[in-house]
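Think of it as A, B, C, D, E and F in the order they're written, each chain with its own count starting at 1.
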Amino acid sequence: MNIERVKTGIKGLDEMLGGGFLRDTANLIEGAPGTGKTTLGMQFIYNGIVQADEPGLMITFEEFPQQYYRDAAAFGWEFKEFEKKGLLKIIMTSPEVSRMDIESVGGMIETYIAQMGARRVVVDSMTHFTRLTQDPIDLRGIEFNFINALKREGLTSILTRESPVLLGESPQDDNLGFVVDSYLMLRYVEIESAIRKALLVLKMRGSDHAKDIRQFDVTERGIEVQSKFEGQEGILSGSPRRMADSFVEAFIKN
Amino acid sequence: MNIERVKTGIKGLDEMLGGGFLRDTANLIEGAPGTGKTTLGMQFIYNGIVQADEPGLMITFEEFPQQYYRDAAAFGWEFKEFEKKGLLKIIMTSPEVSRMDIESVGGMIETYIAQMGARRVVVDSMTHFTRLTQDPIDLRGIEFNFINALKREGLTSILTRESPVLLGESPQDDNLGFVVDSYLMLRYVEIESAIRKALLVLKMRGSDHAKDIRQFDVTERGIEVQSKFEGQEGILSGSPRRMADSFVEAFIKN
Amino acid sequence: MNIERVKTGIKGLDEMLGGGFLRDTANLIEGAPGTGKTTLGMQFIYNGIVQADEPGLMITFEEFPQQYYRDAAAFGWEFKEFEKKGLLKIIMTSPEVSRMDIESVGGMIETYIAQMGARRVVVDSMTHFTRLTQDPIDLRGIEFNFINALKREGLTSILTRESPVLLGESPQDDNLGFVVDSYLMLRYVEIESAIRKALLVLKMRGSDHAKDIRQFDVTERGIEVQSKFEGQEGILSGSPRRMADSFVEAFIKN
Amino acid sequence: MNIERVKTGIKGLDEMLGGGFLRDTANLIEGAPGTGKTTLGMQFIYNGIVQADEPGLMITFEEFPQQYYRDAAAFGWEFKEFEKKGLLKIIMTSPEVSRMDIESVGGMIETYIAQMGARRVVVDSMTHFTRLTQDPIDLRGIEFNFINALKREGLTSILTRESPVLLGESPQDDNLGFVVDSYLMLRYVEIESAIRKALLVLKMRGSDHAKDIRQFDVTERGIEVQSKFEGQEGILSGSPRRMADSFVEAFIKN
Amino acid sequence: MNIERVKTGIKGLDEMLGGGFLRDTANLIEGAPGTGKTTLGMQFIYNGIVQADEPGLMITFEEFPQQYYRDAAAFGWEFKEFEKKGLLKIIMTSPEVSRMDIESVGGMIETYIAQMGARRVVVDSMTHFTRLTQDPIDLRGIEFNFINALKREGLTSILTRESPVLLGESPQDDNLGFVVDSYLMLRYVEIESAIRKALLVLKMRGSDHAKDIRQFDVTERGIEVQSKFEGQEGILSGSPRRMADSFVEAFIKN
Amino acid sequence: MNIERVKTGIKGLDEMLGGGFLRDTANLIEGAPGTGKTTLGMQFIYNGIVQADEPGLMITFEEFPQQYYRDAAAFGWEFKEFEKKGLLKIIMTSPEVSRMDIESVGGMIETYIAQMGARRVVVDSMTHFTRLTQDPIDLRGIEFNFINALKREGLTSILTRESPVLLGESPQDDNLGFVVDSYLMLRYVEIESAIRKALLVLKMRGSDHAKDIRQFDVTERGIEVQSKFEGQEGILSGSPRRMADSFVEAFIKN
């Protein structure tokens, strides 16, 4: 069994993941708009190239490559240069095309992988697959096959998914969480009249992982994971309460 | 990369935005009726004209230009005069017409932009785009293309969106939040038996921004941003609780 | 710009409105059954006639004129007499008929206005417009046009709307709140094992207004607005909590 | 104007109603199964006969007359005897038939009224009218006409309605609450690990009324209204909280 | 009027019911999976046979008689023996067949009743009737007729119903609660990090009954009703809070 | 009656189950993604083989056998070896095929059972049965028959079911909980800013069982059940509160 780790290069996150993702796994990153899903994905690709010598692909179903160049450049990651050097390929496509391509022999994606020696991929975002069918069971089959095709190509993937709810949980999870190997959640949390960001590794197949809900920031160097939240109940609701202990502590100090 | 700032001219807000919006970006302002979305948009246009020498457009899908003249005049902003001088153009149109116009070469909007040298636009409101299709995926594509057309024209835009829920979050966000570059929320908050207004920059692509939830008022000079809320939990629910610390403080003082 | 005030003649309310409604505006009064929407509307008409010398119309889509005579008489307002003197006209009609009538030249409503010199109108209730179409976007267009027709006729209007939820907020507001000039909410609130009534001016276009949530009663003289609520959190939920400060105060006193 | 009172003969209730229902009005009693709606209706009929010399009708859409005989007899009310003496008539019918009958001249119900001199009626329950149409607007029209027909016949009516939710509010009220003259709610409330019953007069057109939420019991003599609840917040939710004052009081006493 | 009591033979329950069910009534037992509905029903039948000399029927729409033999035997109730002696009959049928059979003269069920002298019946479960029609009004009519047919046959019945929600209330009650003579609820309650069971008599037509929410266990002797819950608020939500008094008590003791 | 126990070999769990599952029963394990449903199932099979000399089957509707080999190997369970020795068979099939196969005489599953002497089966997951029909009543019938077929083959089964909600209860349980013999829930619980896992035996037909909500971990040796939670209210909501007693205790200690 292969327990080789694929480091994200994000310090606190690799630690939470017990060293990184497992090789050839599909890893879901879910969050509301602005939580940093795409940034996390780009950082995974960037660190793969500069730290692990692993070329990467970005498959996008909406944004233009220019947008990724700009967004990455804001963190000092020169995606355009990487692409020229054959270390990165941003593929703008559709769910329809990409799933047929990846599942066929000698398709475009497979060709890029062979040419580049790509080992990592970000799919931004899986939410666009919902346009393929109204039937949740069909959708699950499509997603399952797509994910397995990525694995067969020897890729470790980050799959982003958009959460339609700004604070707290979506009323109902679709099936993707059951199909992936790991499941990371990015969440907004309102604490002391400000919005902070929280990161949680909910699930990780075949590996131990941190159970803490950690704070993180998107800084000029990308995602930076910080310590866990303290003294709060109900963080995942997005609107936590200060705990009784904190109350008592405050009471005593006064 | 272009990190030129487009100032709103609203003091506290520019500070929250790290100096203003980024040039050529689309910026969503969401709020319930009466929270001040349109006022914020008009103020952005007004300050663009008088402070930054940037002519502006207002694209409206419902209200008549006369209503904007009146509403602006209540703040001392003479939109009618600006229009005569070619610094402002209020275009009353429909989503159907405007999206075709903006995406075609030499359309009416493009012609106005060329004539006026317009750099700013307010679209009031994006909610009217929902009439174009029942399919949320189609709608996302339409909105994405419309927003990109505005950017291609060299416009920095404010897009208003109506929140159907008076207090707290809408049960489900549509896709627009994922497509825009920044996302501002205006909210009603009930505190001490009165209704106050809150402003939050939830997301801002390519820039740091304030994470605080700030109070604001609509005064006779337009929107005025104030300090953050203090001692409250759950502000974004619209119905916050006083925090334990405040309780303790009150307890001790008594 | 016209900032002439149209007084409701309800003391606390005119104060909350900064002097009264603005001339030629549409003003929404929303509430659950029994909160006093129609009473507020009748009082607006009554005070218009006796205090401001402004004749008024009541457009009703369900109740018979006799019901209004009876209900008004209970407050000592002799609507039947007013109607004989040409100071009041109660028009029982349907949304279908009234919208065509008001939008056509020389229609029945326009004729009454001309004959009577009417300046005020109550439409009781806008909820009946929902029967005209299933499509919320069509409905918004219809309501928008109807409201504008009332304004063109030189009428300052109160539009009642029925809230289907007894306590707390409706799950989703329809579009009417965005279209009107001001938006008043009447609410039931459970405090100390009794039901009280609350009044709030949520929105008022072109004017400052009170932000307090005030208590009110329907007495034998009509609506009487009282002081704001004190020491309660979550009033608009209909089921408020006593605040920590009140708790502490009670604690200390004991 | 007629402000004659129609006493229910239920002591605390008549007091809450300012002396009783108004003559020729329609009065809605809403509650979950077992709260006592039908008992209240039967008691209204019984007291009408023995205390006010007013014969009464019961219109039922489901239960057999025998069930009412039995249920009434459990309280010592001899409905079978009353029926023999022409003081009471239990009419088992359908919403379809009854609405056509009551709205036609010389129908069965009208004939009974004329023969008996009936002044009171209980309709048990209005919920069965929902079978007449799927369209809430049509339903409102049907109910409005039915209620007005009862009034035209000189009847003061109690209309029962079934609440589908056991504790707390129905998610959405239908339109009936807007159409009736008064609106009484019967509710289950969980207090100190037991279920109590609560009574509230939410609305009463043309009369002042108690705003308290009162406890009541169904005893062997029928409904007995007791004092209001004390020291509880959120009674109408069905699951109230003890108030801070009660907490403090308990704290001090200990 | 018949106020003869039909004892369940479950000690605490008969006490809660004021001595037992009323003769010839339909009694609803509702609960989530595993709460003990069927056990209660079997115990009612068992005690009828051994304590009251009343043979009984079990009508089942899903489980095989063998399952009941096994389940009953686990409590030491030898249903197979009873069936041989003609004291019990387990009828496995469908809602379609059973409703036609019971409503026809000389049907199978009637024949069994005549042969055995059956006085009690358990219908397990009424939930299967929902397969007969999509229309809730039709369903109510069908259930009403079925229940009345059981009464006409001189049977006192327990009707089980499955609650689809594990903790707390179903979002909406169907109509069956209005049609039956008594309504018992079995509920899961989470207290001190364990799941307990609660029993409540919500409604009982024609009789007084306990209003307490009582704990119960399913032991090797069947259902055993215990004392009421103490010091908890919101038991029926399934997730109660400790009450302030308990808090204070704990505070003082420490 | 057979009260032979089928041990899961998971120490704390067998204790909670009063010694293990009952022979020839169907046992539901429900949980969100990553809670450990499949791990529990594999451990049941593994311990059956090495501790109880009972060969086992795994019926899978989505994952490939290779995935189970890998996942099991991570715990040191050599499923591939077992399969070679005829102690285990992983059958990848569809709900359609498997239900027809298991219900027919001499089908594939029956043949495997006969050849291997299999006594245990894991069906992973029952959620895939929902693709067979839209009608919940049909689905219940299909599941009921499938479960009974497993029992007839002399198999003790674990049936996994996916919960679509990450924290707290699904809005509505389907019917499977009523059909199975025991019902275990795996839940995420947020405590002190971290996510823990909880295990509960909600229902167990024909046996006493622990009512506690216990913590558990998925370690490198599989599922390990720990002590119950302490000092928390509302664990099953996923977002518990510290209890008043814990508050007081903390208060006193400080």
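FYI, a contact is a pair of C-beta atoms (placed from the backbone, for glycine too) under 8 Å apart; a residue touches a chain by one contact, two chains touch by 3 or more.
Only a predicted model underlies this, so the values are computations on that prediction, with no experimental measurement involved.
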| item | value |
| --- | --- |
| Path length in steps (a step moves to a chain that is touched) from subunit D to subunit E | 1 |
| Interface residue identity across copies subunit A, subunit B - same or different by half | different |
| Distance between the centres, which are taken as Cα means, of subunit E and subunit B, whole angstrom | 59 |
| Centroid distance [mean C-alpha coordinates] between subunit D and subunit B, Å | 51 |
| Subunit B-subunit C separation of Cα centroids, rounded to whole Å | 29 |
| Shared interface positions of subunit F, touching two or more other chains | 171, 241, 247, 251 |
| Chain contact graph, described as a line, ring, star, complete graph or other shape | ring |
| Circular arrangement of chains, read from subunit A onward through subunit F | A, F, E, D, C, B |
| Residues of subunit A that touch subunit B when the two form their complex | 32-34, 62, 70-71, 73-74, 128, 130-131, 162, 164-167, 171, 188, 190, 192-196, 219-220, 238-242, 246-247, 250-251, 254 |
| Interfacial residue positions of subunit C with respect to subunit B in the complex | 1, 137, 140, 144, 169, 171-175, 177-180, 183, 200, 202-208, 211-213, 228-230, 232-237, 241, 243-245, 247-249, 251-252 |
